[in-house]
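Read through the structures below before going on.
You will see two complexes here that share chain A, one where it goes with chain B and one where it goes with chain C.
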Partner chain A sequence: MKQAGLVGGLAAGAGWAALAPSDWPLSLKDPTGELGKPKRRQLALPEGGYAVAPSKLHADLGIAHGVDMNAMVRGAIDAIGGIRRFVNPGEIVLIKPNVAFERAAALGATTHPEVLGALIRVVFEAGASEVRVADNPIESPESCFAKSGVQRAAVEAGARVYLPSPGDFELLSTPGAKWIERWPFFWRPFVGVHKVIGVAPVKDHNLCHASMTTKNWYGLLGGRRNQFHQDIHGIITDLARMMRPTFVLLDGTRVLFRSGPTGGSLDDVRSGQTVVASTNSLAADAYGWDALLLRKDKDKPAYLGMATESGLGDWDYSKLVLEEVQLG
Partner chain B sequence: MSEQLVQPDWLKRQVARNRDGSPWYARKLRITTVRIVSQAFFFALFTFLLWATWFSRLGGYPVSLFLEVDPLVGFATALSTHTMYRWLWRGLFVLVPTLLFGRAFCNWMCPYGTLHQFMGFIFNIRNNKSRIHKNRYLSIFQLKYIILTVMLVMAAFGSLQIGLLDPICLLVRTFAVALAPASDLAHVNFAEVLRASLGLDPEPLALLAMKPGAPEQRIFAGAWFVGLLIIGLVGMNLVIPRFFCRVLCPLGAFLGVLSRFSLWRIDRDLTKCTDCDLCLRSCEGASDPHQALRKSECFVCMNCIDDCPEDALAFRLTPLPVKDKIVGDVKKGLATLFGQRVISKHAETEIRTPAVSKRRWVFAGAAGVLAYPFLRLSKSVNKRGFHEKAIRPPGSVAETEFLERCIKCDQCINVCPTNVLQPATLTEAGLEGLWTPVMDFSVGFCQLNCTLCSEVCPTGAIQKTSLAQKLGIGAYEEAGPISLGTAFFDHGRCLPWAMETPCVVCEEVCPVSPKAIGTYDAEITRWDGAKVTLNRPYIRPELCIGCGICERECPVIDDAAVYVTAIGETRSQDRSLLLETSKKATKT
Partner chain C sequence: MAIQDEDRLFVRNGLRHYRRRYSLTEVRVGGLIFVGLALIAAWVAWRGGQADPDLFSAAPGQVQRAVVVVPGEAQGALRAGPAPSAEARASPRGIAPEGLAPEGWTERQVALFGPDNVYEKINGREGYYKSFGFESLTFVALEFSADASVSVDIELYDQGKPENALGAFAGELPPEAAARAHGLGLSYRARNALYLTAGRYYVRVVGSDESKTVQAALDHLGPKLEGALPGEPLPWAYALFSGALQIPPARVSYSAESTFSFGFFDAAWIALLEDAETELFVSRRTDPGAAHKLAAELERGFLEYGEAAKGKGGLEWAKDRYLGRFSAVIARGNMVLGVRGAKSIEAGTAQLQRLEGAAAKAPAQ
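Right, the complex of A and B next:
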């Protein structure tokens, strides 16, 4: 009897679920087939991104020249107000280096591990509770992080490294973006993050002409990235719209001036002896174009102009306050 | 006082002497217990080494150890190449114990044997009568000797096929191609549940990931077949216990032939044995310990010793052949042996060699002699008409030598970080090259600064290759980089060539310097009348190393507009493309 009651109840429940009108609770009815389609949740980065309030007291572009990478990182950040302007005690900070390829640091295709290590230590000095390092490289992530030296530098400085794995991506919505309004984004390291800092090398790039701090955000996306080259400048403009970082660091310790963005020969690299810090990644990139890639006499990459027109910053650093320091 | 210390009853029972006066541990610490510990140890070691076969875990472990100690691998490659590569002398670790103890490897070390035994233990529930029946010798068990003979004859001709069924090769391959990816699929989903539903950090579970840091789920050509094969083979334990080990295993057959020389064997005391057949209850090898022990079939599992109620069986050093010493008629139960009454009705105590008739050995040999040309003359492995997608990993020897060496263990596939290495299907390599490694650039690409496959290859099909050698730098400057093939453009599918659309991802990712893919600036008048400049890519074949990253990253993903084929590979002059590389090949 008891069993019959259970079976009857289940049958009645199933009948309800199948036959009840679709707006009733627990209904399984799906006449159009829409309900049965998978729904991916969509996430958004915080309003205003991770930027801090602008300040008239400090330079917009902090430029440090020298050979001691530690000192240059510190000097460049100090020039734009010091790390405490950007990071508050107890915050979780995500640092995005460029680790796209499995190359030794000297080949200039990746962020220099010493620059990254110095940056992590500086961020910890401001009292950050956790520093994360994340990138979604082109080549196999473990090899890229290991062979570029980034893994070791990050771990030794006390940061936690996030390598992408298949479940780590979520659809990110970037309202107003031309191409990537909804695009798979390397979300896992961003959970609970308060501040985001980009640190990118200076690289030649055949199609977009230069890959620096703005193009660096490419490494946060997943999905069919190989379609981006069909409008690379539009995409980089979208990247500038997607990510409003706390600040960026341009790692001009080495300049990959040709055969970019992969390089592969020391002949393609020259020493730059410069680190630039800025809250304005377009201006940092424009400075890198002129002063590090030494292409002042050539037209700026189109994405700088497009992003400026879209109100995402201003590349024209001649209008900005520059603080240049020479260290050692 | 201290002797009076309280000893609980259960402990007293545990440590009480046996009825025959022997100490308690003689009851607890059976030789079969030691065997189970040994099996667990080697299975764990095997699993650990496969787990460690990954960029971030290698750390100097001998990850291909089990393949190297497999004496059939050493013997068969010695037949095919007349040499012993690198660590293959380690086969002695198994060979010497076999000459002493018989096929002990099968039930003490072999991870595949352990898997079968354990699965039988769990799923094959039978009563005693049925178990005894299932553990009697069957003539189908000869098949493994036929298989071994065919494979060794083919190896002598230069076609190495042992890996198809060698248990270590088979299990490593199954792990690499089917089990590890399946495990990672489960892992990713489990981590997702932890993160999304329970809000937990799945990071500590990374140790359970087989291939951590792989950005995409690994996929393999023919994984379904390799995976279903192991289900089928394990499932056969329900029909014939230890089906694979008894019927198919060429390594077991190899050790079975050698075990005729073994010094120790299971020996039956005719004056104690009552022919009750209870020794067959758990006999793993179906080696007839109740009559004449078939040395070639015995796995030395020692279960029969445990099961014998009369204590008639023991593992003895060079037991005497007793048959001639028996006085009287055994069948009538009147015989004596050294003055003691012979109880058993079976006077024979051992059969040394496999029960395969001479004519069957000859048949097997002849089958091997014929199978070799049948396989070799198939188009795919020939120098004319090789498959354009039979692209071998860097450091591979030329194709004919490759087929002398590759045991299809797929360790290279297991370690490959980008998933580019795939087990060849019949399409690329024919039956002869089935499951040998080929590169599929729609899945991955050969990473420039990586030589891991050459590190783990146990047989030198992929020769140990330094990075300098792969890249053609330093001492290898003159030889130039190792090229796997050459990239080509399909102008009909290429976006800038056919669709007036900018692209050149291929140029961007080309890893050599200077780049093997260049671009022209082409001023065109587009369909709408607009003047646009397109970068149109071209190949510089003398610089191309065939790494395939261009094909992997091409946005035309189903049938890439830039694709690599095997032509131009440096490992053989037969397949060179340019006069220049041909000249280099003759020089080195």
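Right, the complex of A and C next:
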């Protein structure tokens, strides 16, 4: 009797484990294979992002014109309150340039290294303890950082450069996002960071018509992100939701006005001689569309309207205070 | 004992043990086996919980990319023409000719991309080439030996057909660009770059700057690529537009699909006239019936944007209600010929007659 009971108990247990639905206790069923995967950490950026308190004392858009990139970077930031409004002594600051392609700086497909170098130096002057520079190009990161001149400029200015490697990505939660509610994110450079600054070139884009400061955050995503091209405006709206930066810098020192985002010919690049600083990346992009890409007579890219309607900012810079300075 | 052993063989109830009790040793062995199995199960469960997360997060930007060519299906473009040789397909250099680097330069990298992974090289721009029948990209990076910051990138796009290569080429030239015919294709020299077609191939040679060093490299690479890539005579439409009608090649473009935003209008050749408003277009269909059907569809399409106006010979023109310009289309044999955006019916009629006269002399194939 004892044997029969033992055999029966084991059989019943095995039957339960094998046949019980996957959400029942002790069930071994895993029809999708998902239960067998390890539970990944799910992280979130700080509530409110990395933004500082709004100020009515300063312009919303600081626009500096000139030829001296160093002066333009300082001028644009000074116009929106100066770097000390944004960075406190001892803070760690992450700067996200656009290093998406293996192109020389003059071709306009990447952030200009001189603009990046000037920005790093300004941030250090505010007392930052560390400045990090990070991007996740789909092309070879090493080649992109080297050929664009970004790596050299960053290192010479004293920043640490973070190139992506497989262990650097974590699942980021972005509540309310359509495509990236949970998506791999280039996390390692963000550990311990207090402030985040984006610095992006002004580029024509084959799919979304213009790539500027909002589209720039695309370079922090991992995974098979090319699939987002099917809804490019939707994903850029998600990026505006994901990242609330401390401020952004629009690098309009030269403008890739055709054959973007890759470019290649100097005939497709014109001098913009402008740097724009703002806490409102949608407005900075709208200004870039009108004044740098010179497309004021064309409809704005749909993502600007979609992000504005989602309450993520307001692209209409005509409602904002602009401070424009002409430098040497 | 022997009798008992024999008896076992004839136990009818196979589930019943022939002894009344298990031995203590058997119980111990069983217990040890059970503990062993439990330990294995626990180890498997623990290891499963500690798996490398990268197994589930492989991302193109994070992992070292394998360089492979995946010749797959392109989107909605013409697909025929002479294929590259089997040797070229199988070669790790793809279609890149040997010995491209000029003296004093070093070949740093060769990489091949197909439709499935070309975004890794030109993310955001790949759709442009795919709309012209993209099949593969061979990328060659050259570096000036004396200064690594000076470089030239060679992008060789296999677009499947000469029409596709020419279409992709024309779409990337500045509007004012004057292309040069080099026998089996067209070429255009920009300040720091060289664009050329050879048969089904579209080649972009991109210098890092416009220095003399880069210019000398472009001077070397142009003839080298023109001579090495397998070419074909320019398509008949170039003979029509550039030969008979004397329209610069750079003003001639090929539209593989959705021409003039009409989803039904594919495989069209378009020539923009000097006024930068009027376009002549021509499309060769499979038979006269297909040509007449397309012409009728286009006529209806033009009229959706304007009103009808009668022209010479009873031809119906459509006057665009927003732009006030005139468009008309006719079918001749298996060809569809038309004018779009003429400033007047008279001007449009003159252009259409020129086109019709030239098309009558165009080769049949």
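Observations on the model:
Here is the rule we use: the second predicted complex is superposed on the first by the 291 of 328 C-alpha atoms of A that agree within 3 Å, B and C clash if a C-alpha of one lies under 4 Å from a C-alpha of the other, contacts with A are read in each partner's own complex, and residues count from 1 in each chain.
What we mean here is this: contacts are C-beta pairs under 8 Å (C-beta built on N, C-alpha and C of every residue); 3 or more make two chains touch, one makes a residue touch a chain.
Fair warning: this is a prediction, and the values are worked out from it, not measured in the lab.
When both complexes are superposed on chain A, chain B and chain C end up clashing with one another. Look at A:Glu130: by the touch rule set out above, it reaches neither chain B nor chain C. By the touch criterion defined above, A:Ala106 lies against chain C but remains apart from chain B after alignment on the C-alpha atoms of chain A. By the touch criterion stated above, A:Ile138 is placed in contact with chain B and with chain C alike. In the superposition on chain A, A:Asp314 contacts neither chain B nor chain C.
Once chain A of one complex is fitted onto chain A of the other, the partner contacts of A:Thr262 extend to both chain B and chain C. In the superposition on chain A, A:Lys147 contacts both chain B and chain C.
When the two structures are aligned on the shared chain, A:Asp68 is found in touch with neither chain B nor chain C.
By the touch criterion defined above, A:His229 lies against chain B and chain C together after alignment on the C-alpha atoms of chain A.
Once the two complexes are laid over each other on the shared chain, residue contacts for A:Leu163 go to chain B alone; chain C is not touched.
Across the two superposed structures, the residue set of chain A contacted by chain B and also by chain C is 101-103, 136, 138-141, 147, 164-167, 205-207, 222, 224, 226, 229, 259, 261-262, 264-265, 267-268. If you check the complex, the residues on chain A that touch chain B are 101-103, 136, 138-143, 145-147, 163-167, 188, 205-207, 222, 224, 226-227, 229-232, 259, 261-265, 267-268.
Those residues of chain B that touch chain A in the shared complex are 55-56, 188-189, 191-192, 195, 209, 212-217, 417-418, 445, 447-450, 495, 501-505, 507-515, 519, 535, 549, 553-555, 557. Across the complex, chain A is touched by residues 17, 48-51, 53-54, 56-63, 65, 119-125, 127-128, 141, 149, 151, 153, 155, 172, 174, 177, 190-193, 195, 204, 206, 208-210 of chain C. The residues of chain A lying in touch with chain C in their complex are 3, 36-38, 40, 100-104, 106-107, 136-141, 147, 149, 164-169, 184, 205-207, 211, 222-226, 229, 258-262, 264-268.
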